[in-house]
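So that you can tell them apart, the chains are marked A, B, C and D in the order they are listed, and the count of residues begins at 1 in each.
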Amino acid sequence: MSVRPPSAVPRPQPVWDDAEVLVHEPVGERYRRLVLASDTIARTAQAGQFLMITVPPNGGDTILLPRPMAIHRRRPASAARPATTDRPASPGTAGTIELIYGVVGRGTRALAMVTVGSRLQVTGPLGRGFEFPPGTRTALLIGRGVGICGVMGAAEDAAALGIRTTMVLSGQRPDQLLGRSDCAELGTRVIEATDDDGSSDLPTLTARLLADFDGSTAERTPPEMVMVCGAGVLARLAAELGAHWGVPVQASLEAHMACGLGYCHGCAAPVQTDPSVEGPLVCADGPVFAARIPID
Amino acid sequence: MSVRPPSAVPRPQPVWDDAEVLVHEPVGERYRRLVLASDTIARTAQAGQFLMITVPPNGGDTILLPRPMAIHRRRPASAARPATTDRPASPGTAGTIELIYGVVGRGTRALAMVTVGSRLQVTGPLGRGFEFPPGTRTALLIGRGVGICGVMGAAEDAAALGIRTTMVLSGQRPDQLLGRSDCAELGTRVIEATDDDGSSDLPTLTARLLADFDGSTAERTPPEMVMVCGAGVLARLAAELGAHWGVPVQASLEAHMACGLGYCHGCAAPVQTDPSVEGPLVCADGPVFAARIPID
Amino acid sequence: MVPVLDDTAVTDARAGHADARAGHADARAAFFAAGPDLRDPTIPAVDLSVRIGSLTLRTPVMPASGCFGPELGALIPVAELGATVTKTVFGSARGGNPVHRLTEIPAGMVNSVGIPSRGPAGYLATLHPRYAALDAPTIISVGGHRTSEYAPVVAALGEHGAAFELNVSCPNLDRDGTDIGSDPAAIREVVAAVRLVTEKPIIVKLPVLVASIAACARAAEEAGADAVCVANSIPAMPLDVLTRRPILGNVIGGLSGPSIKPIVLRLVWLASRAVQIPVIACGGVGSVEDALDYFSVGASAVQVGTASFGRPFAAVEIVRGLLERCLDAGVGSIRELLELEAAL
Amino acid sequence: MVPVLDDTAVTDARAGHADARAGHADARAAFFAAGPDLRDPTIPAVDLSVRIGSLTLRTPVMPASGCFGPELGALIPVAELGATVTKTVFGSARGGNPVHRLTEIPAGMVNSVGIPSRGPAGYLATLHPRYAALDAPTIISVGGHRTSEYAPVVAALGEHGAAFELNVSCPNLDRDGTDIGSDPAAIREVVAAVRLVTEKPIIVKLPVLVASIAACARAAEEAGADAVCVANSIPAMPLDVLTRRPILGNVIGGLSGPSIKPIVLRLVWLASRAVQIPVIACGGVGSVEDALDYFSVGASAVQVGTASFGRPFAAVEIVRGLLERCLDAGVGSIRELLELEAAL
C-alpha cells in the first residue's frame, strides 16, 4: 500500500461549517442516514473524501474528538457542480451531503441523538479520495457495510464521467446491504455478496468475479480499475483481482483520527518499513491509497 | 455550637433501600417534591434525620457521591409508628417518606430527571435529629427555603406529642414558602417571613417574635425550646432568642458529605478550637447540634 | 401449617397500595441474604484467595483507606471482603483540614479531609474494637510526616490488626515537603524501620506523582515490604465554577474515582513488572470490569474507594461478580479466567 | 445601485428550500469576519499582551504542541493567537509509534503518537516555511532523549522561530528512562546548554508526574528559562472495554483534555508561587472559563490542546471571550478583570 503520485486535480480547501441536519433516520437495523445542508462541501468534495463531525454532547457526556465519516453522497445546489454532471437534482436535497453510519461506541451513540433541524459542526472535505485516471472506461468498486459509503462517491463520479461500473455490495445479510438505491440511481451494476449464504466468502466471491469479468463478451472484459473501501479480506480480494487483471487498485483505509487535517499524526498507516520514517497519514495522504500488496 | 449529651432514645439502624419513586413533581418554581416508598425508613426515622440519596446517572454523566437530603415527612405504613401518633394516614401515602429539594448543581439536576416508578437507592435514616426533652410543652421552629424540610420532622413529633408549636417559614417571596400545608395538617401555627416585604429581615423578625411571644396572655408565653435549620442569619436569630428567653436551641447544619455514616470525615463542622481535635461530624454527631453561640 | 392473618396483613389491606411493600425487607437485607457461602462445598472450587506475606485473604477485594468504617458492618456483608482497611492512623492527634473537605467534580471527587487522627491510643480505644468485631482481617493504615514516624505507630499498635498499610503519600517534613513516597530512599527508610518492629505483612501505598513508580515499588520490596498498593489519590485543585475560588478549605485535595483509573492502570502495570511481591491496585475501581482490568495488568488484589460512597455494596458486588465470572467460565481462579479471555 | 438578478438567485429559485443556504458562506468564513481588529483604535484599550522574555505576544492564548498545524491557517484567524507552537522537533528522524496512536475516553483523550519527527533539517525544509507564513510568532518545540540532545537542535534551528519550547517530558536515556523533566538537575543541564546557543526566549514544558513541580520550575528559572509551561499530558494506559487489551499500539499514552484540568490547576498554582518568570498553563483548556481559572491561579498565558480537535476555533474563541469580558467589565487587562471578580 502506498501513496499515489500527485494528481493533476487540486484538492479542495477544507472548511468547517455549522450544517443543518435535514434528515436523520434509521437505515435498516444497524445504520443511520444523515443528510446535512452544506453546499460548500457538497460542491467541492471529491469522491472518497471524508468529513470530521464534531459530535454534540450527549446529556452530560462530552465527546471531545470529532468522528471521521465518509461522504456517501454529494448533492451540490448550484450549477458549479462538476461540468460533466447531468443527473437531475432531486428537489429539496440540493446543497446537501449524505452520510450513513453505524452506531458502534460513545461517539456514534451520541451522534444518533442529534435532532433534525439542529446544526452539526463538520470540517471537510478532507483527504485524498478516489481518482479515475483520464480515459478510464470501466471500474469495479467493492464495499462492505458502511465501507460502501467510502466508494459511493466513485460511483457518482463514474456516472458523471460515463465510466461503466460494477459495485460489489457486501454485508452480513441481504437486508443489511447499503447502497442498492444509490446504485440504481447512478446506473451502477450491482453484485451482492452476503455472509448468510456464503456469497461473500473470499474464494467464492473471487471465483464469481473472475467468471463474471473474464467472460468472452465485450460487456465482460476485466475492469480497468479496482476501488475498495476497507482493510481486511475485501482489500485482499481487490489486490488479488488487480494483480490478476494487471490493473491499478485504490483502497480506502480507516484510522483513529483527531485532527483529520494532517498535523496531529494520530492516523499514520501501519506500513512503516523504516522505524525512522513515519507511515503515510490516512487523513492527509489517504484515506485512499494505491494498493499493491494485500493488506490485513 | 456543640454536640448534645447522649439521648435516652436509641438511634435507628440505618439501612439502604431501593425505594420506588411514587411522586416526583415541581413545587413552585424552585423546588421538587419526591415521595419514596420505604416503610423501613418511614417507620424508624427520627425528626431531623436525613438520607443519602444515590443519584442515578444523567445520560452519560455519572454522579459519584450520594446527596444528603432531609426527611421532610415520614408516613409509616404500620401501627408501629410512634404510639402517640393518632393522625389519619392519607391513603396511598402510607409507608412513604417525602423530600423536597432545590435544583442547584450537577447532582440535583440529575436527580430531577428521575421518573415516577423507577427506584432510587437511599441510605438512612442518618444522623442525630431534633429531640424534645421530656415534658416540653411549647416550641418555636424556624426554617428557611429547603431548610424548612429540616425542621418539619420536629413539627410532626410535636403534633404527635401534643407540643404546641409555632413555625417561622422564611423565604424570598410568599409564593416560594414551603411547608404551609404541612403545618396546617399538623396544627402548627405559622409565621411567614419573606425578603420581598422585609419581614425576614433580622431586626424586624426578631422584634416581631419577641413581641409575639413576650405578650402577656398564656397563649403567648415564650417557647420552651427553639429549633432551627440552617447556619447563617436564622441560626443567629435562634441563638439570640434562645439566650433572651433562656431556653435551649437546637440547630441543624449542612456540610459536604461523602459517606453520611461517620467514617469519611468529610463533614466535620468548622468549630475546631484545638487544631489537634477534629470538629464534630455533621453526619454522625449532627446534623442537629445544641446551639449556644451564634453561628456564621 | 395454618396461615395466620397477622397484623401486617391487616395493615396492608387497610392502608392502600404503597403498603404492599411494607411487608418486604429493605434491599440491604435482600443483598445480605443473596450472598454466596464461600465455604459451601457444593460450589465448585473457585479460589479467589490471595496471599499478602503471611496473611491469606479470602477474596482479593478490600476497601481503600478512608473509604470504609465499621459503620458499614451493618450495611454490607463484610465477611465477603478480603480485608477491611482503616483510615490512616498518625502518631499524634490531628484535627484534619478546614471545610469544605470534599466535593464532586465530573468523573471524580476531591477530598482534603487531611487525615484527622486520634493517634494510636485513640484508635485502639475507640475504633479498633469495632473493626475487630467484623468478620474480616483489619489492615491498619499508618501515616507519618517524617520517615522516623511510622515505626513507633506500628509498634504502638503492637499485636492489633492483621497487617499494616504504610501511607507514604504524606509530605516529608524532614525534606522539602514533597511526599515521602516520591523518594525511593525515604521509602526504604520507612519500610526498614517498620520491618524491625513487626512481623506482620507490610503493604506500602505509593503516590501517583512520582518520577518512577518502578523505582518506588522496588525500594519498598527491597526494604522488606510484602506488597505495594498502587496508588493514592492525585493532588488536584478544584475551583468553584461561579466564584473561581478554591472549593476546598485546604485549596488542594486528592482526586479519586473513575477519572484516575487510566493513569493508575499504567502505574499498576509498571509496578507489577518491577516487583515480585503482590501489587494491590487502588484507583477508580467500582465494578467487576474495573477489577478485571487491574488484574489483567498484573494486580493481585483491588481496593475500592470513591465508588463505595454512592454504592456501599460496590466491593461486595465485585467479589460476587468475580465468583460468578469464574463459575460461568468453569475456571478455578481469576488468573485462569483472564487466560481464557486472552485466548479469545 | 441597480439590483442584478444573478446566477445564484436563479439557482435558488429553482432548486428548492435547501438552496436558500447555498448563497451563504460557510460558518468558518463568518467566524473569520466576526473577529475583532485588535489594532482598531476605536476599541477601548484592552491590553491582552503578555511578555515571554524578549518576546511580546499579542494575546495570551496559543495552541499546545502537537495540537496545531499550519493547515489550520485556512480554518481559523491565526492572527488573533499569541503564537503558534510546533509539534516537538527531535535531533534525528523518528517514525513515531505503532497504531492505534490515539483514542478517546470519557472526559479525555490518550495519544501515543510518539512524536514522529524529520529532524531539524526536515522541519526547516517542509514545515517551517508554512508556519512562518502565518501571522503569529512561531514557538518551536524541541525534544531530546538525553540532556545533551536539546542544544544541538536549537542551534540547528538557528535564527528560525520566535522562541523555543523545551519538551522535557521525554524519557532520559542517560538515566533510568524516567522523564528528564522529573529531575531538576537534568532540567538545569538542558536549559543551561540551550541558553548558550540562543538568545531567544526559552520556555520549559514540564511533565505532571514529578515529586515537586516547584523544584522543577525553579530549576528551569535558575538555569535561565524565560517561562515554564505547566504541564504536558499525563501518562495513562487505556484498555479496550471489551477485550481488556491495551488500545494503543504503544500500550501507554498521554492523557489530555478536561479530566486533567484539576490536576494541572494545582501544578500551575504551585509553579506560579515558586517562580518569577511567567507560567503558561496547559491542560484541559477549552473555554474562556478554563482560561480564567488558570489566570486566577497565576498563569500568564494558556495553551489549548485537545479542545482544538473538536472545535478548531476554540483558541480564537477564548481570545475573543477574554476581550469581551474585559470590555464588558470596563477593564483594561485580565489582571484587573480577575481583581474585579475577586472583589465580588
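By our rule, a residue touches a chain if its C-beta (ideal position, glycine included) is under 8 Å from a C-beta of that chain, and two chains touch if they have at least 3 such contacts.
This is a predicted model, so every value here is computed, not measured.
Mean C-alpha position of chain C lies 38 Å from that of chain D.
Chain A and chain B have centres, each the mean of its CA atoms, that are 63 Å apart.
Once the centre of each chain is set as its mean CA position, chain B and chain C turn out to be 33 Å apart. The multi-chain contact residues of chain A, meaning those touching 2 or more other chains, are 60-61, 106. Annotation for chain C: residues touching 2 or more other chains are 106-108, 258. With chains as nodes and touching pairs as edges, the resulting graph is a single ring in which every chain has exactly two contacts.
Shown are all chain pairs that touch, namely A-B, A-D, B-C, C-D. Residue ranges on chain B touching chain A, taken from their complex, read 58-61, 106, 110. Across the interface of their complex, chain B is touched by residues 7-8, 11-12, 15-19, 21-22, 25-29, 66-72, 74-75, 87, 92-96, 98-104, 106-109, 111, 113, 116, 249, 257-258, 306-307, 309-313 of chain C.
Residues 105-108, 110, 176, 178-179, 182-183, 208-212, 215, 234-239, 241, 243-245, 251-252, 255, 258-259, 262-263, 265-266, 269, 289, 292-293, 296-297, 338, 341-342, 344 of chain C touch chain D in their complex. Residue ranges on chain B touching chain C, taken from their complex, read 13-18, 20, 22, 37-40, 54-55, 61-66, 77-79, 89, 91-96, 106-107, 121, 123, 255-259, 261-270, 272, 274-279.
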